[in-house]
Amino acid sequence: MSPLLEIEGVSMEFRARKGLFTSVPVRALDNVSLHLNKGETVAIVGESGSGKTTLGRVCLRLLAPTGGTARFDGEDIGRAGSRNTRAFYHRVQGIFQDPFSSLDPNMTVGQIVEEPLIIHKEGTSTERKAAVRQALEEVRLLPAEDFISRFPHRLSGGQRQRVAIARALVLQPELVIADEPVSMVDASNRAEILYLLRGLQERHGTAFLYITHDIATAYHFSQRIAVMYLGRIVETGPTHEVVNNPLHPYTQALLKAVPEPDPANRFRRRATAKGEPPSPAAPPPGCHFHPRCPHAFERCRIDVPSLLEVRPAHSAACHLWPEANPSALLPETPPAS
Amino acid sequence: MSLAMTLAMRGLSLLGVLLAVLVLLVVVLGATGFSDGILKAVVNEDIRAMRTGLAQTIRDPDDLEFALDAQRAELERFYGLDEPWYQRLPDMVRRVITLDLGEARTLRTFEGSAHVLSLVMERLPYTVLLLTSSMAITAVLGLLIGVKLATMVGSKLDRIVSYASAVSYALPAWWAGILLILLLAFQLRWLPAGGLYSSPPPEAGLERFLDLLWHAVLPVLTLVIVSLGSWTYTVRTMVLNTAQEFFVTVARAKGLPEGQVMRRYILRVAAPPIATNLVLGLAASLGGAILTETVFNWPGMGRLYYEAILGADESVIVALTFMFTLLYVAARFLLEVLYIVLDPRIRYSER
Amino acid sequence: MSGREILRVLLGSWSGRTGVLFLAVLVFVSLAVVIVLPLNFGSQRWNNPAEWADNPKAAAPGWTTLWPGNDAASHRIFDSSIPREITQVGPSQQRTYAFDLDYDGGALPTFMSFALSDVRFASQPPQISVEVLRPDGRSIQLYRDVVRGPRPGEQPPYARHFDEPLRINLSGSRETLESAARFLGREFDVQSTAKELAGKAEQVVFGTPTSANLDGFTPLAGRYRFEVQVLAASPGDTIGGVKLVLAGTTFGFMGTDATGRDLALGLLFGFPVALTIGLVTSLLVTTIGTFMGIVSGFLGGKTDLGIQRFSDIWSNIPLLPVLIFLIFVLGQRLWLVVVIMILFGWPGLAIVVRSMVLQIRSGQLVEATRALGASRLRIMFRHILFQIAPFVFAQMIFFTPAAILAEAGLSFLGLGDPSIPTWGQILESGFRTSAVYLGYWWWILPPGILIVITAMTFVLLTLGLEPVINPRLRRAR
Amino acid sequence: MTSTPLLDVTDLRLSYATEAGELPAVDGISFSIQEGEALGLVGESGAGKSSVALTLLRLWPRNGRLVSGQMKLSGNNLFALSDDAFRRQVRWQQIAMVFQGASESLNPVLRVGTQIMEPLRVHRGASKQEAIQEARRALSLVYLPPEILDRYPHELSGGMKQRAVIAMALVLQPKVLILDEPTSALDVTTQAQIMDQLKDLKEQLNLGIIFITHDIALASDICDTIGVMYAGKMAEMGPAEAVLNTPQHPYAQLLLASVARIQQEEQPVSIPGVPPNLASLPSGCRFHPRCPKAFDRCSTELPNLIASPTGSLGACWLLEEKS
């Protein structure tokens, strides 16, 4: 069975204006490959500048990659032609980070959720109204009648994000690209939204590409994880594997950085990666992570490590894991509880 | 972008403004046949000069006319009057830039010259005097009052000024000038109604200068009155906007005295947007000055406009349109420099 | 924000309510004027001197007589088409038209004029004479003439003064002054010439000389009778009407200008003109500016760069000098003024709209909507336009007074459209004829006040709409 | 406890005057901290955490009004001071604050150094040389190189700005440092670095810290005492061990359960409903409409803080039932 979404060697280069006539290339994505099966959830985890959002935009057809191909159901997303645009968006939908700016403030909740149906010329007015009500019930904006005539500015952040989810799901898409859907929602509401998404996935078999900076939510919501750093995937594998036996020092640093409510925390240091992520406009040579890596050695400064399968289905792009010798030097594996 | 680069960009854009006006001028003049008229005036001027010269040598009037006609044909060819107008565009552009536009039909300088260049140049200082003094006074007063108002938002004075600013937007400078003449010059007889000097004008020196200032009071007052309200209100709003910024709260948390917070955290930060508004207000005050000069018979370029329209002096109107644009562009550039000096985000963005 | 919400915000503030009230009055007056006055009022009436010949020149408004100590003669027009008396003189008919006037001994008329219209005669032209009978029993002949006789080759009946009445300004007529001189000599033994009596005709008619040197006249109060006699040679000869004007020192509601034009009419006609200039200009500036701004900001790339560069330059051109130049060269036409203001006005708005569109784009609405499969047009005009609509609407209101003031300024410089009177032009003609220095305040103040009030109306509306543009204010209120 | 606490706050009440009436943003908050001790104020947005911080610095907004409260710093009643004396003696010298959003905390047109040195010049009358010396020392505390002094804020990265702001707060060696969401805009690795540094500073300088956050997990990183706030009131307050390990108040329990953890398989849970609007607070316990354990009494009577067996104080009727 071919994967639903297949990303092969996708690169994305922007030109950032520097002076009046000069510009520098910025590599937002560097040879990224990834696939996603029907009904599966894959999490893309990374910090700002990692290219995770760019990847999401490529998958949503909002950006055409400068290299490689992204295929949805076997068809090239970038070159599908504008005729197929509508057909594509009927099957693929997006949920965005900011629930405050992704909803039109001039439309009521009912109009917002109905809009995809109007765009895709689905059903009669009555059928659409019924579909809207059903979608609102699914995201538990209850009673739906109450919410239909409200404007987004009268809703809380969590409620708005649920409106956005209802809008994305009213067409019953096969794939949803969710770009940081909970990062701007109060911590206490995040779980609810993720449950909502998971429930929908179970009921409708929707596949999710879950983009986040928070490896903890990815842990609970995804089956597989791809960790990105400065435009490259540095580690990918089954979620449980990646979190419990991280291979790449960056993944380890990310895991160390996750705060958990433990009174003993205050007596220990996290000792996560030093320094800050460099600018994507001037990435370090070799392994992009080497300046911050506690294990970096000479080769890391020169050679770009390639993503290799270290354990079954679990790959990392790190010189600590030479191709031939999977059982070589194992870095200490957090979590150290 | 570096400082020099930013300035160059602004300069280029303003140069574009000048160029656009130039092209507009010559194309419209050419397409409507006005440029022919101007060039013919130039030819006539040359011929007149020649006539006096030739009259010395050629006694017979018919011969003289014949010789002059030949000269005229020669000159017309020289100025390209035998060619379609669009081929003369570069020459017209040069003429407009150098104000080499022949002689005015009826207007004369104080010395009696009809030359367009000297006519405009004679009037330029008076316009600059009026514009700069009124703008400086407005800017300073507006800053002082606006900052004061920002500290007393919602007070009676604050409300009065906000209404005054609305009124001043609706009040044309020239009509305000007429009102002031009626009131201060004719009714109360405090100030002269117009002109440059008393009649007879004082001999020279300090007395003459003071007389000039005395006559400038009413036009300057008019320009200040019509722009002060909105300017004050702008300053007040900018200051208020900045006062809501977070770093102002931080400055207060640091225990800085209120005066220092106002100076370094509010005014200093609000200065660039205030300067921007000053820049944007310039065009309006330029228009105001043209009309105000007319009302007060103030012999600047604005009054010259009025006289040229009455006398249908197209060369003078062309010259003035270009000069006003030039004046505006120059003033804009100065203010852009001021803006850049005020804002380190532009000054130091590339290290 | 919906239209209803905008209206609610507008009516929620004092300035908004006042602005709406003013606007309603402006619109009402404008509509009434458009219905009552012909659209070619400017060329047919306003700029036709004959239209205003009977009016006093530079007369103050009628209500100024209410001011204490202000003595003024009111404007009197006697108009008749039916003779009071017809007597048969041989084969001819003597038709007498008579007008009575009670003179209180106060201010004198500023001039006397006589007019005759629609004369038709079969063979011999009618003879006309005008005479005044004074309360003291004396009478003065003011005018005597014969209607112009047949021209060679002309066929009877002969028609005269149909197109335009025969109008005689008695105060300035040499014949009248000579007759007045004879009268003074005959009745009061005061010797004078017509030249000496120039400008004193009214004093002679309505007074008694106090000295021999024409220095003073005592007003003679009482009833005066003006008689116009027409001697028609044949009974079929017709006279359309005779008119006698005793011009007052005040006129109508708003007074007159130096050519006797009724300022009230000119000012009224200015209402629809000002409103049209303001609204048409701002409407088109807003439409074009908004459209270009949205296209520029949304499409980006070369389109954006092009529109941006163009706007950057175009919006920075100082309007008034260019407007003066273009109108001077291309002709003084109002529609041209409006077109030029639109051409130079929209780029400024396009820049602002573009920056707003960029701001909206930087949020996630556009991406989110694109990801629904929405077309560019839908995003531009359903989502972006709707969001900036309140701002654009407020901008339109804000730009309106600017257009009105620019036209007024241009008119004031003498570049107004002569076929369409505007407030600016009335002011200009006043300024040019030194009304300011002569103290004709009624000529200078009302047009200015109307300009300011009209502009103010839109400024008030803008103030009322401020919470729409600046949501921070909306919350703070 | 015998020693005088460093900062002792009792019955703090602040209300905001709005169209909807007087809103109780801070409603009877009391706490105290010792030297070298960190107190965490945790809660959802709108719980009144930031208002507490602003009140401590007397920086409440124009429409705010201090209804009641006592604030003692090493035994001295600070609310007895005049505004001017408070500014001269307390702000930044005794109590400094790191605000949420480092970018907005810095004046964009002044050099970072100027802004760090300003308090030294104003409060200490330090010479330029002394000020530079002190500023360098403060920067070294947060591992920033002295070159930063000559930079403008826009030339620094987010993490550097955050550190510079912390250095600015420490330049006068205050006794109390208030941290309002100091890391919320930063990437997770940078956040962890800064938290590590704050721990160092707390120990080195013996600071009393008030740490404000919506993330109870982050609070556990530095706080010795944790107060969970809800709708302007304290729901539960006590030693970190008690609150984090055995929370008593249902809200504190839910808040903890909503954290997505990677060290446990347990799924995060969500708190139903939304926090109440201050303009229309529910009767009785403010949490009762969202509380899974609410009973009749909760909707009629407002519970006070009651000592719980774990050593924390909880404002919940369940605690009374138990005792």
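Read from first to last, the chains carry the letters A, B, C and D; within each, the first residue is number 1.
Keep this in mind: a residue touches a chain if its C-beta (ideal position, glycine included) is under 8 Å from a C-beta of that chain, and two chains touch if they have at least 3 such contacts.
This structure is a prediction, so every number in the text was calculated from the model and none was measured.
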Neighbour overlap between chain A and chain B returns C, D
Interface with more contacting C-beta pairs, comparing B-D to B-C:
B-C
As a test of understanding: of all chains, whose mean C-alpha position lies farthest from that of chain A?
C
How many angstrom lie between the CA centroids of chain A and chain C, rounded to a whole number?
71
Inter-chain centre distance, chain B versus chain D - centres from mean C-alpha coordinates, in Å
57
In whole angstrom, what separates the CA-based centres of chain B and chain C?
32
Residues on chain A engaged by chain C in the complex (per definition of touch)
57, 60-62, 85-86, 88-90, 92-94, 96-98, 100-106, 115-116, 119-120, 164, 167, 177
Per the touch rule, the chain D residues reaching chain B in their complex are 57, 59, 87-88, 90-93, 96-97, 99, 101, 104-110, 118-119, 122-123, 152, 154-155, 168
List the residues on chain A that touch chain D in their complex, please.
47-48, 156, 158-159, 186-195, 213-217, 219-220, 243, 253-263, 265-266, 269-274, 276-277, 335, 337
Chain C partner, complex, touching residues on chain B are 13-14, 16-17, 20-21, 24-25, 28-29, 32, 34, 166-167, 169-172, 174-175, 178-179, 181-182, 186, 193, 283, 286-287, 290-291, 294-295, 305-306, 309-310, 314, 317-318, 320-321, 324-325, 328, 332
Mind listing the chain D positions that touch chain A in their complex?
38, 44-45, 157-160, 187-193, 195-196, 199, 214-224, 239-241, 244-245, 254-256, 258-263, 267-272, 274
